[in-house]
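In what comes next, chain A is part of two complexes: it sits with chain B in the first one and with chain C in the second one.
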Partner chain A sequence: MSNAATMRPGRPALPEWVRRLPEYLTIWVPLLLSAAHLVSFSLWTIWISFTPSTLVPVAGWVGLRNYTAVTASRNWQIAFDNLLLFGSAFVLLSAATGLILAILLDQRIRGENVLRSIFLYPLAVSFVVTGTVWSWLLNPGLGIQKLVHDLGWTSFKFDWLIDRDMAIWTIVIAAIWQSCGFAMALFLAGLRSVDPDIIKAAQIDGAGPVRTYRRIILPSLWPITVTVVVIQLQFAISTFDLVRALTNGGPGIATQLPALVVYDLMFQRSLLGRGAAAAVLMLLILLAVLLPYAAWRYIQRRRGAHA
Partner chain B sequence: MPDRSFAPTRILIYLAVFLIAAAWLAPLVVVVLNSLRTNEEIAQGSMIGWPQHLSWSNYAAAWSGFCVAETCAGIRPYMLNSALVTIPATIFSTLLGAIAGYAVSLWRFRGDNWIYGIVTLGLFLPQQMRLLPWTIVLRDIGLINTLTGLVLIHTIQGLSFTTLFCRNYYVAIPHELIRAARIDGAGFFRIFWRIILPLSGPILIVTVIWQFTHIWNEFLYGVTFTTGQQQPVTAALIALSAAVADIPQHGVQSAAVIIAALPTLLIYLLGGKYFVRGLTAGAVK
Partner chain C sequence: MAALSIRALSKRYANLEVLKDIALDIESGEFTVLVGPSGCGKSTLLNIVAGLDRPSAGTIEIGGRVVNDVAPKDRDIAMVFQSYALYPSMTVRQNITFGMECRHVPKAEQDAAVGHVAKLLQIEPLLGRKPSQLSGGQRQRVAMGRALVRNPLLFLFDEPLSNLDAKLRVEMRMEIKRLHQRIGATIVYVTHDQIEAMTMATRIAVMHQGSVQQFADPDTVYRYPANLFVARFMGSPPMNTMPARLEAENDGPVVVIGAGRPDELRLRLRGYDAAAPFVGRKVVFGIRPECIAEGSRTFSSEAPVLVEAPVELVEPTGAETMVLLRLGGEPAMARVSPDIRPAPGTSAAFALDTRRICLFDPETERLIA
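On to the complex of A and B.
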């Protein structure tokens, strides 16, 4: 059938590759564009981080000077400390809240669908909206503190947003509100996939609900926990919009994070070399999380294949 | 376990769940209520309060009245910008991702695993690594500060997600189906059109919802590559907050926030099941 067309008289047979050209183009052009931009953009940014570029990219080699300049700056040091605190606090609290919500929802309660949608809806909203709304709620002159004062308790204090030491926690709060539903969804899927026969067997053996959770259900969740933690860490490392909308890095530079430093260096101070160096540092921080995870996934998969 | 002896525990469980749910809803409720209060009313009390009388004027002002950077057209032009970026970029990236996912999972060609591996690295590469190169590329092809430029960026970058989603869905389709169609003389496009696409309903919905939500909510590229009248609505919200910092208009700002969040919230309400599927599919990358 397929060579009927080529057999027709008066119509020269097209070579195979010409006939299939549209197919090759459709397959390769988008994939190559995507792959090429990822590789070349990364390499280019890494290269720029070793050049003396400021306002415009220039060739040249300055070794690690951009890196030492970035890591020696107070801006980066505060951003890095903040990332450690924000990253660990957000990831732990968000996973814990998500797990608690999942366990609560797993108790065959009425209205589970509605409740689940309530915990998940913040994920549909942009970080800009989340940050803006929480900047109002946490503003001591506008939000929760003002409300409590108006109700009569005038010594009440909740001013983390303008407190240099506590401001980073406002970002933790908003980030948990936004994304712990994600942890909940994954944990709930995990809870639902535990073999009901094992649970039944434990109950027959006389294990109460608390014991069943601690001994049987929760231990089976830890692969999901690792996934949740890694994905939330990936989000924490690249956090930008949320801080821009909530504190804009302030008060002062108290809530600075690496992504804000990169933006500041690249587009506000026009120090392209240093900005690129800070971006590469962000990539390295990310790799410090993702490479062990990839190795772990690889080992798990091989073990699964052998079992 | 609706057992009598568990009754107190169950009451506690319900209490806990409903309290947390109330806390989760509170920010939305507060903003909706504020959007119905006048600026003066908010200024007298706090941002958390019941409207004395419903005032819809904030929505009119937010939609087409207030001024950002000497242009007084409200949020409408920025909503239009966001739509003009999000809709085409969602369609292009989904369609191209479906074809690419089909090609790497069922059609197979030389180098497919390699290129697929590199493309999915895009899920992890921080945006910051691509900001400067995109700036230069967009400037060179004359698309800096244009909506077309943003469409291009989101289409190419979205391919990493859409290809992954579709590929993971298509690998479950039996290869015999494709082989039989090829023996019958069907080519790459005909198989895609006749066999793959009719089977793709669920995954296309998941991908479209995911892409739409992400692109609509994106901020960093919007604020980096566009200025003034070309900005998407996320960037415009930040500009609005900065513009009214001296004399806050919290009623109008609340209405603007609601309007800006409405498209993705509606999509979430309509396609919740698929939204969650996208979340978990993205997680198991």
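On to the complex of A and C.
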């Protein structure tokens, strides 16, 4: 800003607020607008969840009736169980995969930049594309199973996509494929920030690579691990497009997830009040993850400021 | 027995030659300081000795054994790093025992060793803490403890005091020196601080641009710097150096500063026979600030050499007064008694200690005499 002023010496200096107008317009206006949207729609959804609204929003008060209806429904119960399974499996496996990739990449191998881009690339792909591509790959008649059959191993069976019990794992696989590169990037940054002298000291102390990682490097990564887990959990809770494209909740309702339930209630069964209640429940699950994280960050920062 | 022998060692990164033909022989029990400006290759040399880096050529012997292909852990060395390099997730005790743990030393033996070292360094109350809960000086002690507990043939220190504040640095300097006297260890100590080198070393290797300029005891390095670089690097303020001519008079060589000027300075040299080939040629004249003092000072039993010199600037430090003056028109620093404050712009009499003059060859920059 001050550059612009000094570059035109002949002109009188503009008032501060005029010079900073572009700044205000580009930062604050969108920020306030989106905050207003977020808050007002959240409040509106919360209000709707207590009304008897169906096809259109109506005023009225039904107390927690929408909530009891949602939580009693088999659809929601399956979705919630699936979320627990999918959320924990996806978060753990994707963090583990990301960590392993990061450790492998950290060996100062050739072509690191290319590999890093390859692993990060899925992040740039939309979930719908990921879901669709994996639905082809996992389709027994089109994808991997067919390929192996064509290669001659005809007894090979890989039909998780249409298996009620295993279908949820196809979502886990696709979600890991999409996001382990992100975990890898964070872990790699963490590995690279370890003081090289510490690794030299461990070498002189006689620690092999396994002991060096286990005792010295990995323990220093746990703040990054918390961040990775929270970000991935938040993604897991709000997963919608990936499932929609990959299994659409099926077979049957075997891969139902909360976001799909909300969509189903609101836009397919026109039960606005119940859909809103399900959405509010999702928000509560999200808060159950984010609030402890925020508290942890706050304590960390306080402790950092004191040390 | 030589604790460490480095022969014909060189190191290059791509086309950058970082170390050039280094040769050092370090005796057992010596406190050797590698000193030189930042970037001259000290850390690289130390890392190669430790086995953390490979030389491009040359051999390294530790305790009479060629260790070029020996892993760092088997070289019987311990190292203290500038950043201390403590393991952040371990307690002080675990930091100290980690090496023994890797070598599968029995637990009882570990405890005894930690107890001994903790007592020696007075860090017993810190054993349960994490490095993040320690002050800089305490971290420094723990890093030393980690090295001491190993009881190695050779200690390597890479600028261990650079991250401490000035007061603590002086304290730790003395403590390390005391420790060396007490345990008689062989130490190779890297620093860019020439005062640390002068005060701690039994021998100093002055490095510049990847080669050793001089390897000698501190007094020799100070009194007979091998070349202009060493002369200007060691000592604070550094040696005054200025162009001069060497001439012959009836009773020996005379060094002339500012020849032909009205304030030309002629100094008779005694005992500088090695300078004879330079008579009639240009030389670089060098004199330490403490060899220029107030006119009433006597350096030896002989009649003092007195000069009248214009005073430009006076810097009292409390312990002494530094005076910027001109000798034959060339600027020079003098170190006079603290209560003497010549007025800038006037002339004053100064006594010179001409026995400690250094003469350098202006072309090779080497010491002539």
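Assume the second predicted complex is superposed on the first by the 275 of 307 C-alpha atoms of A that agree within 3 Å, B and C clash if a C-alpha of one lies under 4 Å from a C-alpha of the other, contacts with A are read in each partner's own complex, and residues count from 1 in each chain.
Keep in mind that, in the parts below, a contact is a pair of C-beta atoms (placed from the backbone, for glycine too) under 8 Å apart; a residue touches a chain by one contact, two chains touch by 3 or more.
Model, not experiment: these values are computed from the prediction.
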Determine, for the superposed arrangement built on chain A, whether chain B and chain C clash or fit. fit
Just checking: does A:173 make contact with chain B only, chain C only, both, or neither of them? Give me first, second, both or neither. neither
Which holds for A:162: it touches chain B only (first), chain C only (second), both, or neither? neither
A:93 contacts which: chain B (first), chain C (second), both, neither? neither
Does chain B (first) or chain C (second) touch A:215, or do both, or does neither? second
Looking at the overlay, does A:226 come into contact with chain B only (first), chain C only (second), both, or neither? neither
For A:279, is the partner it touches chain B (first), chain C (second), both, or none of the two (neither)? first
Have a look at where A:85 lands relative to chain B and chain C in the superposition and call it first, second, both or neither. neither
Greater chain A contact set [chain C / chain B]: B
Can A:204 be said to touch chain B (first), chain C (second), both, or neither? second
Once the two complexes are aligned on their shared chain, state how close chain B comes to chain C by Cα atoms, in whole Å. 9
Once the complexes are superposed, what residues of chain A are shared between the chain B interface and the chain C interface? none
Could you list, by residue number, the parts of chain A that touch chain C in their complex? 195, 197-198, 200-208, 211, 215-216, 219-220, 307
Residue ranges of chain C touching chain A (in the complex, touch as defined): 47, 50-52, 71-74, 77-79, 81-83, 85-90, 98-99, 102-103, 132-133, 146
Chain A touches which residues of chain B in the complex? 1-2, 10, 13-14, 16-17, 20-21, 24-25, 27-28, 30-31, 34, 45-49, 96, 99-100, 103-104, 107, 109, 115-116, 118-119, 121-122, 124-134, 136, 156-157, 159-160, 163, 184-185, 187-189, 213, 216-220, 224, 234-235, 237-238, 241, 250, 253, 257, 260-261, 264-265, 267-269, 272, 275-276, 279-280, 283-284
Within their complex, state which residues of chain A touch chain B. 1-2, 20, 22-23, 26-27, 30-35, 37-42, 44-45, 48, 57, 101, 104-105, 107-109, 115, 117-130, 132-134, 136-137, 139, 142-144, 146-147, 150, 177, 182, 185-186, 189, 209, 227-228, 231, 234, 237-238, 240-241, 244-245, 259, 262-263, 266-267, 272, 275-276, 278-280, 282-283, 286, 290
